[in-house]
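I have a structure here, written as structure tokens, and I will follow up with some questions on it.
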Amino acid sequence: APVSAEAILSLNAEAATTWVRNFNPFAQTTSRYTTMDFIYEPLVVFNRLQGGAAHYRLAESYELADDLMSITFKLRDGLKWSDGAPFTADDVVFTFDYIKENPALDFISVWGDLTSVEKVDETSVRFNLNKPNSLIANTIVEMPIVPQHIWSEVADPVTFANESPVGSGPMTEITRFTPQVYEQCRNPHYWDNDSLFVDCIRMPQLADNQQLLGALNAGTVEWATSFVPDIDNSFVSTDPENHKYWFTPSSLVSFQLSFTAPDENNRKAFNDINFRRALSMLIDRQTIIDIAGYGYPVVNEDPSMLGELYKAFANPEVEAQFGQYGRFDFDAAIALLDEAGYVDANGDGLRDNPDGTPINIDINVPSGWTDWIDAVQIAMETLTEAGLKVSMSTPDSAVWGADLIAGNYSMTLNALASASNPYFPYRQTFNPEDFGKSRFAAPHWSDERLMDLLNTYTTIKDADQQKAIMDEIQLIVAEALPIIPVYNSPAFFEYNTKNFTGWFDADNPVASPVVSRVNRTRLLQLLALRPVE
Amino acid sequence: MTTLSDQPVLALQNVSKTFGSKENPIYAARDINFGLYPGRTLALVGESGSGKTTVARLLMREYIPDAGQLTFRGAPVQGASKASLRAYRSAVQMVFQDPFSSLNPTRTIHHHLSRPLHLHRPDLDRKGREAAIIDLLARVQLDPARVLHKFPHELSGGMRQRISIARALAVNPQVIVADEPTSMLDVSVRLGILNLLNDMKSELGLALLYITHDIATARFVAEDIMVMYAGQVVEWGDMDSVLTNPQHPYTRLLLAAVPDPDRRIDAAAPQNELARVEDIRAASARVQTEVQQIAPNHFIRKINL
Amino acid sequence: MAFLLRRLMFYLAAFLVAATINFFLPRMMPGDPIDIMFSSAGSSLTLENLNALKLTFGFIDAPLGQQYLAYLRSVFTGDLGMSIKYFPMPVSELLGRSLIWTVSLVGIATVISFILGTLLGVMAAWKRGSRFDSAVSLLAIFATSIPAVVVALLVLFVFGYELRWFPNGYAADPLIDPAFSWQYIQSVLYHGTLPLVTLVFVLTGGFLVTMRNNMINLLGEDYIVMGRAKGLAERDVMLWYAARNALLPTVSNLAIALGTVLSGSLVVEVVFNYPGLGNTLYQAILARDYPVIQGQLLIMTGAMLVANFVVDLSYVLLDPRLKKA
Amino acid sequence: MDVLKKLWQNKKVLIGLAIVGTLVLMAIFAPLLTEYSPTRRVGRPHQPPSWDHIMGTTRLGHDVFTRFLYGARTSLMVGLGAGILITVIGTFLGILAGYKGGWIDEVINFFTNMVLVVPNLPLLLVLAAFIGQVNPWVIALILGFTSWAWGVRVTRAQTLSIRERDFVKSAEMLGEPAWRIMLFEIFPNLISIVGINFIGSVIFAVITEATLEFLGLGDPNTVSWGIMLYNAQNASALVVGAWWDLLAPCFGLAVLGLGLALINFAIDEMANPRLRTGTILGRWFGLVRAGEGKL
Amino acid sequence: MTDPVLSIRNLTIDYIGQTSDFHAVKNVSFDVGRGEFFGLAGESGCGKSTIAFAVSRLHRPPALIRKGSQILLEGRDVLQLDNKGLRDFRWREVAMVFQSAMNSLNPVLTIGDQFHDVLHAHAGMTRAQSRARAAELLALVDIPAHRLDAYPHQCSGGMRQRIVIAICLALNPKLLIMDEPTTALDVVVQHEILQRINVLRKELGFSVLFITHDLGLMVQVSDRIGIMLEGELVEVGEAQTIYNAPQHPYTRRLWAAMPRLHGARLRQEAEQ
């Protein structure tokens, strides 16, 4: 049991009804969410808040070849695994060869971009690419590096639970594990032990947001990423001194129309830019944010869909030319619909296609995603008022996902994860190769010019050239308005300053402190914490 | 037991019925023989569980005999078709013991009387049926206007039993089986029912099987009597002959035990049967095939005590 | 004993039917269960990755009959597969964890409410028509007619949120390691109070009304009048003559009541986030964790069957008339 | 007739009927009782009760009272629909099994006991989840087809005892066809059991529908008390202090349940006079207290 | 009668109803002498059981024994007893046999237990003592002692009724009330039991209040008879007197309606 003198930080990164001892870093959905970063440290951490700046961790540097066809990572000297064994380039090569042999482990499909991985010397590894890619480092560092001397013995890495992990990160020792709580403590061989002031992290099991809120208020969780209703009243007010939060804009939530909708009449309307623009102007984004989102999200009225999150990349032309289509303007929308011929053809009080065929929009939302359901219900109010026939269906999330992948829906609300560069969301959404494979490409809309630009973007090193390409991409998207941005949902971050200081916040925006498992910079936050004596 | 020259309407011939399992059989009826004659009443007496109701049910074809046969007007009634079953049903009717449970508490008297007419008198139209109902009620001495639309619980026990009889009569039966029809009634109304049955018998020429454990009432209504014990008829014949000259020990035992206001219970009379209850019972329960004739119309099963 | 043997046969048959339904249920539903199974992995896995995973898990399309046989075999060997959500935990272990909580929660709640309801019912019937009877039976009607959800939410609201007397989740303080220590037991009791109170509230009324009605029906029986005529103390007649006999139909109803108890406990567990079977089932349903759902239904049915059998056994013990048979 | 008169004299029935009647009227005349629509925002989120919104507003800004009224419609209709279905199936199978006996009885009885043994709610939960996005009617249907067992059991037991009564025998001996005996001779004697079964099933259906919806397995498009509970719970109504959001549907369910339970209790008393108390015992206690007599 | 064991005076019992009361027993007075076999006859529902219950004060609501009624047992008014007094009085002074043998024994207790609870409650006997006493009592009614371990359902109807009688005699009561004790039995057993009661009565000297609707039986066993009609006692007298020379028309009607085993099938008066 932990001694009281130790600095123990309680955090919650996942909701669960019981803890299962699984620290397999390749099992993304089933291993504990504190596996990445805390047990398996990344080579490099890219900081989205600082324009993608690199924080070198296990690697002390990396070098992209001039032809962008390979990248070489240089590891720090004297790195050790938590069992004391040396951490070398062999482990890196082993890991990548390992996931090539076991494709089920390659959860980021990194081998889609690689041709081979080779050891240059004891501390250097070169990754050879199959095409030029200036952003490949972002992908490669997402893959955890595992110790060869352990994993080469593992019979079935897919089902391996890795109950007592040997890792490279700061918190590798599992000192306690019960279905209700587990603790990870300091790695005795951690290379950066001097910067680490937290001795242990403790993860109490919490099943849902309500419980988590209780734990936050009770002080039994000090670092959390969870939706909290009416946070000023329900959390901050219970201890204004120490209870704090900082929400930063994150994934983009947008209304999406299927350009390949099964209903022919709907398809006609959806393929008409005027209809899409009118639809966009009918969405009362602020009300949705205020009511469905408790005011937490950041409105996204950017027709090029970048918004506040990628402010640094924004092209001012977009706002000037197409800005009005991203904003709620009921009258303008009505006018546009009327003008484009979307009027009531058969006297049922509902707008029809210009050719008189009926439009019948069914908005799909996964069942149980209540904030989205609320958002849709609010949107439906204005859409209905404008004379459109809309309804809502709430299929099971799996069915919903499958429908989105297949483009087999009429309208939906969809989310797109944030990234360090807008290149990623654009590519995820508009790459025709992903149609039928990924729900992020749900609209099934693409554009040749756009794809050309995206393809060249990663082959260019020059920043100005990149900016010019990004500017043009934005204009193309904003003009076509293939998706209707609504808001960027916040990355939730609640914390307690009673026992630890050094939290990142609006005044100290070093990096995103969100403790979710997809945020690599949570490692930086952990290292920045200092116990209050 | 063909004591009378003319043919019985309904007869059981060597009928047996056994219940229970192979290892543990209950002989409810054993080699029963008797016939029912128009205008005559046969009383079936015996203690509880002796098999009286089983006999009634055999007659009503609710039970199928394990052995022997049931004859109706001399012809065996067996595996009958639907039509002949219906004919049989309209010829043989039953009056039950408990006047409350034999009438459906949720239906009016009218229903109880019109259903049998519906089923067995297809010749009648609505009017005819109504007339027939009135007629039936008059027959059992009830005022149609007062009872027709009442529910059973609104009538007294005697009235209910009259309804039961009227219902049985509705189908124009030739045989009526009455299973303890008065045992649940008050003393003062019992007689009315018994008289009614007697009248029916003579007026309509019905054959009547009267089942009871009360020998005194049996004597009141029946010409013939059968005494049953453990599924066997142990003594049978002319009522007076049997009662005045009982030969079978069990019959004597039964007669000795019947409450008799003319005899004090402590007047420990020559009731030697009552002193040997267990012996008599055990002996009477044994199967006996041999029959002994006492008088022209008086028989017993032989018994060894 | 023949009675018990017959019941045993019934339970076996019932279990088989339940297991069969359980097998076909997901297969009758639209959609590929395998795809749905991995939907929780959905967004972060690529399609290739998913297919690779499926292969690794050995999801090959076998003929239905073959699948069914394999399923039956695994059911009877207690191998319920592995949870998708809590991979690689075997379903049996996952359920085993929650089973303890449900069994104790449901068990204690049933015992308490049974005793409480029965006693109150006995007393109400004995003093039929008195103020006590009116008050108690009215309360009972009230308690039985309110949905368990409503009771649970209200209890949680009042005692968990407003008064803050009791915790609003968990079966025990997570910081205390499970052990046979007073501290842990105390914590378990403390955490179990609200769910228990809710269940007891919901259940007691039913037992009370049944017992009261059974009792009243018995009070006219000759043997009870004889008990009173014997000059025994009222309480003895009430307990040993009336209640003892009125208990028999109540006990045979207990088996059916257990289904209600289990349903009630599901809701209560969800509301109070109690880590029992009901909550596990609920979470599994939300996550479409097929193996867990299937295993869960089977275990619940099995538990019901066992409980029923226990009830049958105790019935035989309570009713001397059955012993001979 | 007689039955109705007896019912009318029962205080419990009167209160129960008053409660249920009020709710039914409120549901029927919902559009007259409120100016709002149950699915449109009419105010700011989570406003406490006021003159404009006598039960406050929901997180989305819907009027709680309006949703309460329209929700009553759903609850009542599902309760009635499922109740009828459950009762019809249960009564039919119960009479059939009880009267026919033999293998029909064996089969029906086996499945009845079987269904009784499978815990109901978990099964419903799984069914609802598999079917997905179930609207109240589907819920009523599933309820109807999974919850008849209790009805069969009591009906069968009662039929078994009625079958032994002489009036059934006498109908048989008259040659009444079996269906007529079941329908016209036995069924009328089961009215109170059927009534209890029906009301009990309605209570069960109302509760279960609300529970399923509360657990998130309902269709969020519907306006019902269960969905209200679900939404309130999701909006953390308790945590943020919007008690009215949660209490309104709770109140509805509790009151409806109570009303129906009172009616059920009264039918029970009617069917079984021994259970009756009320005025008679009141008078009795009064006389004893007045020294008019003793036991 | 000089020294009655039981004297009932002006007994009035109502069943309280919703609006009006049902007068089940109307101002009934009679005595039962020491060692006497007193028969109370009358048709179903005339109030016989109601009187029997009142004597042991076994009524439950809504029955109400009206004020002014007196039930004197050896001069002591039973209606004035308090709870404790009542408990002591019951069974010690008045024991009771009920109508149905099937139902008057508690089905879940052994015969021995049912002896024991009486003997324990009133005489404070231990199990062993009560067992010995119970065996003695069973011997009186010709039942072997090993039956003490049996449950009621394991005994036949007649046996059960004899067991009940044995239990009744446990405390040597002064009065034994028998409310249609043999209705469910067949005549042979009935005869046997009544004869035994008669013998025991003579041996032990208790009085019997015997209730039945079987008039023949009544006359056969009783010393004196009371005839009831709709809550009223219409005629009381020596059994033979009432049988041979009934005064009240109702009594006469009753006799008239009774078929006979010997002689004329009905008495002459029968031909209405």
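Letters are used for the chains, namely A, B, C, D and E, taken in the order the chains are written, and counting of residues starts over at 1 for each.
Heads up, the rule we're going with is that a residue touches a chain if its C-beta (ideal position, glycine included) is under 8 Å from a C-beta of that chain, and two chains touch if they have at least 3 such contacts.
None of these values were measured; they are calculated from a predicted model.
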| item | value |
| --- | --- |
| Touching chain C and also chain E, the following chains | D |
| Common touching chains of chain E and chain A | C, D |
| Identity of the chain that, by mean CA position, is farthest from chain B | A |
| Inter-centroid spacing, chain C versus chain B (mean Cα positions, whole Å) | 55 |
| Chain A-chain D separation of Cα centroids, rounded to whole Å | 47 |
| Distance between chain centroids, defined by C-alpha means - chain A, chain B (Å) | 92 |
| Distance between chain centroids, defined by C-alpha means - chain B, chain E (Å) | 33 |
| Contacts with two or more other chains, residues of chain A listed in rising order | 210, 368, 396, 399 |
| Sequence positions of chain E contacting 2 or more other chains | 60-61 |
| Contact pairs between chains, per stated definition | A-C, A-D, B-D, B-E, C-D, C-E, D-E |
| Complex contact set, residues of chain C against chain A | 31, 35-36, 39-49, 52-53, 55-57, 83-89, 94, 97-98, 167-170, 172, 174-175, 177-178, 273, 275, 279-280, 283, 286, 288 |
| Chain B-touching residues of chain E, taken from the complex the two chains share | 43-44, 185-188, 190-192, 194-195, 198, 213-221, 243, 253-254, 256-262, 265-266, 270 |
| List of chain E residues in touch with chain D within their complex | 14, 16-18, 57, 59-67, 69, 79 |
| Chain D-touching residues of chain B, taken from the complex the two chains share | 60, 62, 85-86, 89-90, 93-94, 96-98, 101-107, 115-116, 119-120, 151, 164, 167, 171 |
| Chain C residues within the chain E interface of the complex | 128-129, 219, 221-233, 236, 240-241, 244-245, 248, 318-321, 324 |
